[in-house]
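In what follows, structures are represented as structure tokens.
In what comes next, chain A is part of two complexes: it sits with chain B in the first one and with chain C in the second one.
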Partner chain A sequence: MEVGTTVRWLFSIALLIALVPESAQATRRVVGEEYSSIKAAIAAATAGDTILITAGHYTEGPIYVKKRLTILGQGNPVVDGAGQTEVFVIEADSVVIRKIVVQRAGVSFMQDNAGIRLEKVQHCVVDSCILLDNFFGIYAAESAFCTIQNNTLIAHSVREAVSGNGIHLWYCKGMIIRNNRIRGHRDGIYFEFVESSLIEHNLSEQNLRYGLHFMFSDSCQYRWNTFRRNGAGVAVMYTRRVLMERNVFAYNWGPSSYGLLLKEISDSRIRFNRFIRNSEGIHSEGSSRIEIDSNLFQQNGWAMVVMANSEDLYIHHNSFIGNSFDVSTNSRHNFNRFAYNFWDQYRGYDLDRDGIGDVPYHPVRLFSLLVQQNPPLLILLRSFLIDLLEIAEQVFPVLTPETLVDQYPLLHEVEF
Partner chain B sequence: MSTTLKIAKYQFFNVVRTRWVFVVFALFFFLTAALFYFGESEAKVLVSLLNVTLIFLPLLSVLFGVFYVYNSTSFIELMLTQPIYRSELYGGMWLGIVTPFVGSFVLGVLLPFLVFGSWAGYAGAFGTLFIVGTALILIFLSLGMMFAVFAEERTVGMSLALLLWLVLTVVYDAVVLYLATVFRDYPLEQPLIAAMFLNPVDLGRVALLLQLDVSALMGYTGAVFREFFGTSLGISLALVALLLWISIPVFVGLKRFTHRDF
Partner chain C sequence: MRTSRLYGFSLVILALLFAGCGAHKPRPLQLGKDQCAYCSMVVSDPKFGAELITTKGKIYPFDAIECLAAFVYTNEIPKDQIQSMWVVDFEDIEKFVPAESAFYLHSPQIRSPMGMSLLAVSTEAQALRLQKQYDGEILQWPQVVALVAEQWKLEQR
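On to the complex of A and B.
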């Protein structure tokens, strides 16, 4: 079907839905005036009603929503799990929940208590809510086509074992996670078995483990997100067809902290991202067929660590600026292609003035291999001796992979 | 004391007249200015200055220390006929040599930095650079003077000075690299930290590394180094080590100078 036809079809359906009259008039039920509790209002409501929760503090145990309702907060009502139970459990399609402060869903080792849990639903919206100190923030299981947007999730987790994830999706499809701010959870955003979803404009910071963590989540797109100061950066694993663009990965420091850890990722594209001040910008293990282009790597310890079990990565038009090491690997063999990158440590010349250096650039330094084999040697970084060894190695490569080379190093930074 | 200062003052102007200090000043001034002028960031300027500070500054200092004492032999002999202590003479000479060198290094870096650079985020790094550079000048000038006092032959003194420079900048690290490779199966962090304390060039380099390569050092084993050199204990120990490196050659040189037969 052509795109134009599809759009016309969708438009007609939308018009049809708009024109069909509701069987009963939607009612507005105000909690705090007509109803003293949210549960009472929900019990009285029929599908299509709006529950308006006015300012106040509601501690009612788990609130199950099994009808198609719109739940609206007015004046920041606080719905409290009192550190014991779940707070909202949505079990009906097309529920909208908006502008509510949800707090203190209890820590449990038996079940994943969440501030707002979406259970086997479609077309739900969680919008502009504030989730404070919940075990899990927003938890969606076996759901599809829901939107989670404009929420603020803040927790103060101290230990990984007793903390939950900010936005946690399990077996979902076609979800949109947009414009949320997540801080202090275990993983900021966690995906497992999620398909065809869009994650954009989120800020995930200071989480105990990963800012973004996904596994087995094919065909998802990550755009315009910022992941910074997370315990171990961002880890993505066992997934195909991922698009990551215009994200910022910054200040992920630590012994096993990565800007972006790629493990068994394939057929993906990573472009226009910025990797700034991470211990390792991108760490690739067992990944294949990924195009990594037009990214900026600035002041990382290692800009890229590409393990030898990665293959068919095409790394081009990236800018490498001020990194302690540009590229590191663990083998003399290389199955990836580097071309047309800008390396600020490149010392070649360009006689024909086409903007491409006439001498190839070998981004793997001898010293980074030595450090890989014997980490404490790092203390000799920037030693005069090391510089001398590098020069010798560049003239006669003995240890560094000869084939890991940028044949067309750019002389100027890539603008984007 | 006043005799010392008087000699120091005379030496100061004498040293300035030799134009060596202008070489140091020009080297750092034009290098720093050029780097800033060609649009390098503060971090990159620091990296370039690091190499010059750790390699050329010691070389210039140790050579000048040796040269100056040999060239001043007649002056020393003349002064020794006067009723002054030898320690006052040696101290005066040391002060008179050291001050213009330190001044030209600090000014050479500071002036372009004030014009082109920005303090934001880099004050600590530049402060460390000044401390490290100053310490290296003091250490290597003292070592140079010491060699000149010990060796009567000018060529012997020069060779010793060059040899020491080569050992401290290259050979020492090569030995460390070799030993670390041989003993790679053992925990090496503490021995390596100790090894850095035994060489002022390495000590200065590590101090600057902690300011420049934080990302790399935070990863892997680097955290151990950072935790040690980042604490006040580590910093104090490093400063004590540098002070020892300055004072030992000064005292050894002075001891020899007071007993030497001119």
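On to the complex of A and C.
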């Protein structure tokens, strides 16, 4: 009986779909042939239509899309804001915009002008577009369930004040940011008040400030991304429940530059990432309840700096290889746990051959503490005096945190 | 010849030393380099910036007015060591205004770096004009501190 009803329902729905008249079907409107401007084509269109923009250069001020349209480029049409205005402003749900070159949205002192702006919409898609020298690239405000994928965003400004973010989300949820390449913006990807969103397979490089920047967000994840050569690395701040996995954080050098800066983060997990050649791999301030496992820290200045206001960090099964300093902190107090990590500077032995060193490893060196308090001291790195002090400190620890210790140091690198 | 060069050199050094001592005025924020003393964010948008100068002349930069307010409220450094506090005029980013005499506009339409929707200007006329554009309310410094403390649930140390 139950099944019969369902089948009957499905039949009637199928019948309804079949009976929808031809006239209600989408019309294709070609800009460059029927219409001379994009605005004219949009004005003539009804919801469901496709606007096909053929190759050409269209300098049209802000183009407002207030109907459910598919805007499709053919042969790389260029839509130009001429350094004055915004380019596309999407204000209808389910708009799709594909394969268009959007350039030169104007720098504005008061407004966050963008190449493509999504304003209070749902289920929109921005796909395979090229955004060149826009103030902000793609800007989504108070939107949900949109996908931003396969885009290339490049900006060339050298001053931060005249540079906006590549992909900027403000009060959004359920968004997907996938497979984009972002270069030369202020922050590559910026999340403020964003919930339940996913960032994956993106390359964010050479941005003036952060490759990725979270503020006041919740329940997001980012994975399989590469963040390299950004002014200050990646910053995850004032955010809860973030899953960060299988990313590469590389080549972030400078005095206030980090592979990953954690500020007031809680209930998060960081795993299977690679931190390579950063001033500091992970810098943690005021963060709590974070599991950091199975990461590779290679050739960083400091692999990890864990400030004493961080607590309940569980750091295990990571590999620390070729870092100048493994771990540093700013206090003798430690409220975090280190265990089962591989430390290439470990000099212990394993008599029972269970793969775990028989002597605990103290990853915080005296000198790294001193440098934390007084950076210019770094000039004494590898000096004889410092080596003597290190040995003395190892025998009688006075300054280094006694509880910051790996009781079970692994003898072999962790494979993942 | 050699001694005169030496004198010249020491003069330069002395001048530099004194320049360091007398610096009780705010300096322009270095975008992309200065890190906010409260939230650790690298300063990138000068219009919302602020600075605090200690009695010893050390300058703490801030990316947002709300960070300066929180820094002061939570006594990150003792009150008696604060020489002066400055906020950037939203309409003239070269200009620093003493925090206590500036006028603040608080409106959800203002997207300041730390999400507290605050901007500062030097005169009441500016504030009133911006209020016409953005709505919101005009605040004085003590109200700004109270607002940030309440919104961020700060505790005094």
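Brief remarks on what is shown
Methods note: the second predicted complex is superposed on the first by the 393 of 416 C-alpha atoms of A that agree within 3 Å, B and C clash if a C-alpha of one lies under 4 Å from a C-alpha of the other, contacts with A are read in each partner's own complex, and residues count from 1 in each chain.
In this text, a residue touches a chain if its C-beta (ideal position, glycine included) is under 8 Å from a C-beta of that chain, and two chains touch if they have at least 3 such contacts.
The structure presented is a predicted model; accordingly, all values stated were derived computationally and were not measured.
After superposition onto chain A, partners chain B and chain C are found to sit side by side with no clash. By the touch criterion stated above, A:377 is placed in contact with chain B alone, chain C being left untouched.
In the superposed pair of complexes, A:104 makes contact with neither chain B nor chain C. The partner that reaches more residues of chain A, of the two candidates chain B and chain C, is B. When both complexes are overlaid on chain A, the residue A:209 reaches chain C alone and has no touch with chain B. Of the two partner chains, chain B is the only one touched by A:278; chain C is not. Of the two partner chains placed by superposition, A:178 touches none, neither chain B nor chain C. Taking the C-alpha centre of chain A as the apex, the lines running to the C-alpha centres of chain B and chain C meet at 80 degrees, rounded to a multiple of 10. Chain B and chain C never share a C-alpha pair closer than 10 Å once the two structures are laid over each other.
Within chain A, the residues touched by chain B in the first complex and by chain C in the second are 255.
By the touch criterion given at the top, residues 31-33, 35, 39-42, 44-47, 93, 111, 114-115 of chain C touch chain A in their complex.
Residue ranges on chain A touching chain C, taken from their complex, read 109, 112, 159-161, 170, 186-187, 192-193, 208-210, 215-216, 231-232, 235, 237-238, 255-256, 261, 263, 285. Those residues of chain A that touch chain B in the shared complex are 253-255, 257, 277-280, 299-302, 322-325, 344, 370-371, 373-388. Residues of chain B touching chain A in their complex: 41, 43-44, 47, 50-51, 54-55, 169-170, 173-174, 176-177, 180-181, 184, 188-189, 192-193, 196, 202, 205-206, 208-209, 212-225.
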